[in-house]
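Dropping the structures in below, format is structure tokens.
Two complexes are shown next, each including subunit A; its partner changes from subunit B in the first to subunit C in the second.
On to the complex of A and B.
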């Protein structure tokens, strides 16, 4: 079954690449604006041989990783605190719902004013966008705690910390992992967007430079890299999720009674 | 065990978070100096116009003045002006008109060195209004009722096109301006989404390669030797560091003169910070790099800007210009 899926995935990708080659070759779109796959592939080859590309890739991944780490750490801690401190959830609910839909990109002028065009500007946008993903999932996860389990833990005399560890955290973890997976993708999008718009060093800036330089195949090559990066991050996040939730019924695949 | 790992992971995240948080304090807004060499951050745009700075750094003109340039490429002046105003960068590159707009909006900036100027030659400038091959539009007057792409509305390129239309006997208010980044102009013109485009290099060369026709050189129409862009700093930085500003001015003047005299070296250095394809780069029209800004041409821009209602109030050129 797994082999079939992989084969189907590969076939789909091959068809997509062939389409990308055919459309400009047949003149449906101009080659000058949308180069065929082979031309993009050769531009990609040139990029891979260039040291500047690798340092840009490193910059993007650094921004992504640090931003994601801060967002996940802060999201989980804030989420748990807001849930377990009495009345805090009610007090913060409207503020969270007000802040959450603000697009991170709208904060670009603020980021530039505070941090110029450096990594910190990227981090501001990445953390802002991915923090909410984790926070909201954590809040829902904590809400999902079984009252019977909670009461049982209480009647066995477990303290607050012990209840957080043994009751709340295992319940919330599947939600948190979903949040982390979503946040990982959002963080990458925002890291590249920030570089593209602000001009902080990284893949996004390389894309912007290629764009202003009228270097179309190079620009698409870099966009392909961004896509591949997203794919890898998604695969990685799913692997982490499976490992962290190996004990959970959703991964174990059997119904607990 | 699982809980231990989870706990450790959370702990690690927090550590990273605090580590990053603590590094926030050292982002000193001033320039760093060590061993008599002052490093200054300069906000640039990845275009041909800023080549003299890269060339000057390579030739050691800045080193001679005890300066080390740390260029940062931003996607446009919109990111550079706030970064200079807040002291993240010491210097920046921007078109003069944007500096005037920023000033009328209350941002204290000081233009210190010339940046780039139009060639002043009709039909051979680095910026031009182009139409698609075979278009019925032949003159600027024909643009009435047509869609014209400019990179930024209410900025220098729209101003130049408006003035050019006026000079051709047309009514600029009848022209429909649409905002489009330079790099997207070739495709938009080709597909007929716009009837004309006010483009600069290297997009201009790309379009001409595709057969687009040049109908005017609006930057030349506006003033014969138009100062298009300048290097600037914040008023505050200029007051506190007159010595560094003076050194930057000296080295930049030398770099501009050198670049103006060595076009081949310019085309060579451009490849180090852009990705302009070699075939295009060989054909682009380079701007002029006079050592001094042409004040009369900037006064013209200010006057026309007011005339067409681009400013909220009159720019103060004495405060802005060196």
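On to the complex of A and C.
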């Protein structure tokens, strides 16, 4: 069954690539704007041999990783604090609901004003966008604490910190993991957006440069790289999730008792 | 040892005022196994949570070894009915048992020793490395009991611990509790809705009235110390005692404080 699915998936991808090759060759779209798959592939090969490409990729990943780390750290800490300090959740709920829907890209002028084209500009946007994903999931997760588990911990004399560590955190972890996975994807989108629009160094900037210099196959090649990056990040995040939540019913599956 | 005096608990909220427990007074001596039995919904769990310091009573006082209980006291362990939710699924069996011990000032080797000893007492030495959800319901509840044992409490509170397991497992667990009580000399306060279980297990049965709850009767169980499922349950004295408790519960449900209501510690006549 697994083998069949993999074969079907590969066949689908091959058909898609063949279509990308055929459509421009048949003249259905202009080759100048939509080069066939083979030309994109060869442009990708050229990029991979180029040092500039690798340093751009490094810049993008740096912005992504630092931004994501800050967002996850801050989201978890704020989420737990807001939940366990009495009245804080009620007091902050409306502010969170107001700030959360502000699209991160709307902060681009502010970022430029503050930091120009530095890495900090990218970080501001990445952190703002991914922070909310983590925060909201953490808030939900903390609410999910089982009253019986909580009472058990209290009856055995576990203090506040021990309860946060041994009861609240493991309960919230599945939610936090979902938040991190969403945040990882959003962080990549924002990192590339920031580079593209602001001109901070990275894959986004390379895409913009390729576009303005009419290097159309190269532009597509870079877009493909950005897509592959997103795919890898998602696969990686899922693997981390499965490892960390081996005990959770969403991962462990049915057990024979 | 454990003294409950004038205990009253009123829940207030959303315009509703529920008097769960009206006025409860009883004492549990050190080393005694007392069963609390009452009609369903009579506030047994509320009472036990007040005793365990998990709920604050509206009035009255609980004292453990002459100290008023204002929060979960160190010398007390609680076994919940919902073992599946009371054990932490993210920890293995041994870690679950060890966690409360980490709050005590014990060396690592001493903790290990207590965990191994508790697991052996409940016959689950092989399950130390398993996750709770890999075990059957009866085994999970034994893990919860082992966790309480390892904590070395003076008083063990059990809140309908066997209500969710099948009848055969339940019989085994009842014998386990009797054995542990006799081996370890703990004081046990055991809440149940099952009259047979209360009589089979207890040295004394405290019968509670329907809500708002008061003590309907206290009854000494004069069955021999050696009890077993086969013989004790068919003994004529067992039948008399369970019939008596059953009548009391029925009276409690009707809400008629019958003349039979005695607050003495004497068993009913043969």
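Brief remarks on what is shown
In this text, the second predicted complex is superposed on the first by the 254 of 257 C-alpha atoms of A that agree within 3 Å, B and C clash if a C-alpha of one lies under 4 Å from a C-alpha of the other, contacts with A are read in each partner's own complex, and residues count from 1 in each chain.
Here, a contact is a pair of C-beta atoms (placed from the backbone, for glycine too) under 8 Å apart; a residue touches a chain by one contact, two chains touch by 3 or more.
Because the structure is predicted, anything quoted here is derived from the model rather than measured.
Superposition of the two structures on subunit A shows subunit C fitting alongside subunit B with no clash.
Within the superposed three-chain model, A:248 lies in touch with subunit C and out of touch with subunit B [touch as defined at top]. Of the two partner chains, neither subunit B nor subunit C is touched by A:193.
The larger set of touched subunit A residues comes from B, when the choice is between subunit B and subunit C. Looking at the shared chain after the overlay, A:73 reaches subunit B, while subunit C stays out of its contact range. Shared-chain residue A:159: touches subunit C; no touch with subunit B.
Using the contact criterion defined above for the overlaid structures, shared-chain residue A:104 touches neither subunit B nor subunit C, since it reaches no partner. Once both structures are fitted on chain A, no C-alpha atom of subunit B lies closer than 9 Å to one of subunit C.
Overlap of the subunit B and subunit C interfaces on subunit A: residues 173, 247. Taken in their complex, subunit B has these residues touching subunit A: 2-3, 6, 10, 12-14, 16-17, 20, 24, 27, 41, 43, 45-47, 72-75, 79, 82-83, 85-86, 88-89, 181-183, 186-187, 190, 202-203, 205-206, 210, 273-277, 280.
Within the complex formed with subunit B, the subunit A residues making contact are 30, 32-33, 66, 69-70, 72-74, 76-77, 109, 112-118, 120, 123, 165, 169, 173, 196-199, 205, 208-215, 218, 244, 247.
Contacts from subunit A toward subunit C in the complex involve residues 146, 148-149, 151-152, 154-159, 162, 166-167, 170, 173, 247-249, 252, 255, 257. Partner subunit A is touched in their complex by these residues of subunit C: 49, 52-54, 72, 74, 76-78, 80, 82, 85-86, 88-91, 99-100, 102-103, 131, 133-136, 147, 151.
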